[in-house]
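Input: structures, listed below.
The two complexes that follow have chain A in common; it is paired with chain B in the first and with chain C in the second.
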Partner chain A sequence: MTAVAPDLDVTAREALAELLLSVADDEFIIGFWDSEWTGIAPMLEEDVATSSIAQDEIGHARALYELLAELTGQDADLIAYGREPDAFRHAALLNHARGDWAFSVARRYLYETADAVRLGSLARSAHEPLALLAGKMRREETYHLMHAEAWLRRLAGGAPDRLADAIATLWPDAQEVFAPLAAESTLVRTGLLPEPMASLHATWQARVRPELLPIAGELPAAAPTRDGRAGRTDEFRWLHAEFTSVFASEEGATW
Partner chain B sequence: MVSAIAADPREQRVWDELATIPDPEIPAISVVDLGVIGSVHVDEERVRIELLPTFVGCPAIGVMQEQITARVSELGLAAAVEVVVTFDPPWTSDRISAEGRERLRLSGFAPPQSMPAGPALGQLDELAVLPMAVCPYCGSRNTTLDNPFGPTLCRAIYHCADCRQPFEQFKQV
Partner chain C sequence: MSVERAEGVWEVFRQEDEGDPMVHAGNVNAPDEELATHYAREFYGRRGESHRLWIVARDAITELDDPDLLKPPFDRSHKKPGGYIIKHKLDAAKRRAVEAAE
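Then we have the complex of A and B:
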């Protein structure tokens, strides 16, 4: 196999690796939280939907981990299942446990809208394998976004207080999907990330604020922070123990 | 079975063989009619086949790679057979052949709707999900989308108000 991205220097490769890991971890962790609804969602259709969405998200994570593995010469499974909780780089939004259905709907809506803005940019990345994958993912994510928006409207009419509380709780951490990356200036200069996180964040806020206004009222000013992808909760540590349990039971096993 | 016309007779043999390999999740349709074969290239050392997944997370990708490798190896055209997964070009439901659509319908799956032509054309990252599919049993358009998520990643669930039959659609994506 030919070297991946031979046109990138060491600095750019490291920057790209940081970007790929952050997006992959987001998709991986939301996928595992979604899978926690399999069998116990409020209705059969949602058992199927959450399971299918989980499979999509974990599939997206896998493809992103494989891009990362090609770039760095690591093993994709080892990146996914061989890291300690503190080595994960998902946004703080995904540190929270599943919660009740309103909480999951609020998080799915916040995440899917943010992911849509991010994918729109990544589909124009100068790293062609990432641009192609993001373009493909974006079409699949259209279904997730449609699902999240439909449930947001439904709960706004049926359980407005629980939904509003969940949005208020998650709002600060939702900003962190756009937390600045350490190597962001390199990413933007090389076109690997076509826009800075700050401008993607502004695009996202302009989209969600009007939709959330009638549901959760005027949400406070909020911005991503430098530590938005660091710091792990006990809730995430519990999930990590769950999703690594098979891998940890027989390290190095193949089947 | 529909199969592509290749200039190289060895490549034609590969295409003909691929046209007899069923999709693992919907065996009524071949991998060629499904449009997941991106390209076939044969040289002295190897047969190289590009596979375009319908969905990024499709769990059948590995099975497809194994089946294609095993069947094409039997042709004995080259020492090695390589089945490479790629998103270049991305698979879209418009890649399903006319014969593939008919085979889907005959086995009770509504084929995906074609993407509307016009400004959206060429914008592969834009997708319009339609709330209606044509019932594969009675041909009615009086149908509703029950669940955009179904038993596999690529299938959605609809209901026909005329023949009162639930049915699945191969999702447009």
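Then we have the complex of A and C:
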């Protein structure tokens, strides 16, 4: 495939592929975890809202996998459903099972705020299809974030201990949304990623720390690590078996 | 943890396009105005079918359904405009205007 992004050399294309896969996997996996609430959310209206948001995330993942597939000449479905668990590149935040409602709300808040910072930067990417897609995703993610914040405030009043525990548990792994990418220097040099992950991470912390202070107290110093997108848990392996079960039931089928 | 029941009912009105009338779409249960807004959007707006929504707490609606007031027992036909054909009046007025101009 040479039709897509002909201005990029091989090194830049590989770097862009790594970036696209990391964002796509984040969206894909949070979408699947939250879809686990379908049918059992606290009330009917919330059931519909959570399921719809989960579908939005999987929709974003699909658009990103398609961008990646165009770039590398692969098949988007095969990228999504044809990989082994260890080939996934989502952040450690998304390795955890959905837990209870407070746990899911805490994760959604941490993820949505981080995603908002990341999308703000990607909307200025030198790769125009990614910039356009990030701009479109932001319009939906703004609403997702409002929804997560509404629940965060609500649980802070109604179940403060459970919420604080969930935030404390997830806090170290939440940093990993900004884990450094292997080819990050190339991404930043070419403007594919307008800012380094470390600076996006600082922006995110400056935003969430004051909001979380009254809920979870002073959270410990924490930073992304080099392995923040590697290493898969048994909980994720279980989810992977679930979401690939239909695809794997009839390999090569045209659905 | 005390469980607070989500008892609030919110009536939702939707407008399909700018300038269209607001039409009652249905209602949602929600514990507060913020979540009511989210749920109204999910139920009555997520497929791009609405230009605008009004979300109104059912408690805030003043209802009038008293038949004594709405369906009075006496003959009120004199309050209805039937039998009074405006077109004839208009034609006559036009004729007078033309005559006056001549």
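The definition used in the following text is that the second predicted complex is superposed on the first by the 253 of 255 C-alpha atoms of A that agree within 3 Å, B and C clash if a C-alpha of one lies under 4 Å from a C-alpha of the other, contacts with A are read in each partner's own complex, and residues count from 1 in each chain.
Everything that follows uses one rule, which is that a contact is a pair of C-beta atoms (placed from the backbone, for glycine too) under 8 Å apart; a residue touches a chain by one contact, two chains touch by 3 or more.
This is a predicted model, so every value here is computed, not measured.
After superposition on chain A, the partners chain B and chain C collide with one another. Set against each other, chain B and chain C touch different numbers of residues in chain A, with B touching more.
Contacts of A:154 after superposition: chain C is touched, whereas chain B is not reached.
Legend: residue contacts after superposition of the two complexes on their common chain; A:140 is shown touching chain B, with no touch to chain C.
Of the two partner chains, chain C is the only one touched by A:162; chain B is not. Of the two partner chains placed by superposition, only chain B is touched by A:120; chain C is not. After overlaying the two complexes on the shared chain, residue contacts for A:49 are found with chain B and with chain C alike. Within the superposed three-chain model, A:60 lies in touch with chain B and out of touch with chain C [touch as defined at top]. Judged by the document's definition of touching, chain A residues 45, 48-49, 52, 143, 146-147 lie at the interface with chain B and also at the interface with chain C. Of all residues in chain B, those touching chain A in their complex are 55-59, 86-88, 90-92, 124-125, 127, 129, 146-151, 153, 157, 171, 173. Of all residues in chain C, only 1-2, 4, 6, 28-32, 34-35, 38-39, 41-43, 46 touch chain A in the complex they form. Listing the residues of chain A that touch chain C in their complex gives 42-46, 48-49, 52, 143, 146-147, 150, 154, 158-159, 162. By the touch rule above, chain A contacts chain B in their complex via residues 45, 48-49, 51-53, 55-60, 62-63, 119-120, 123, 128-129, 132-140, 142-143, 146-147.
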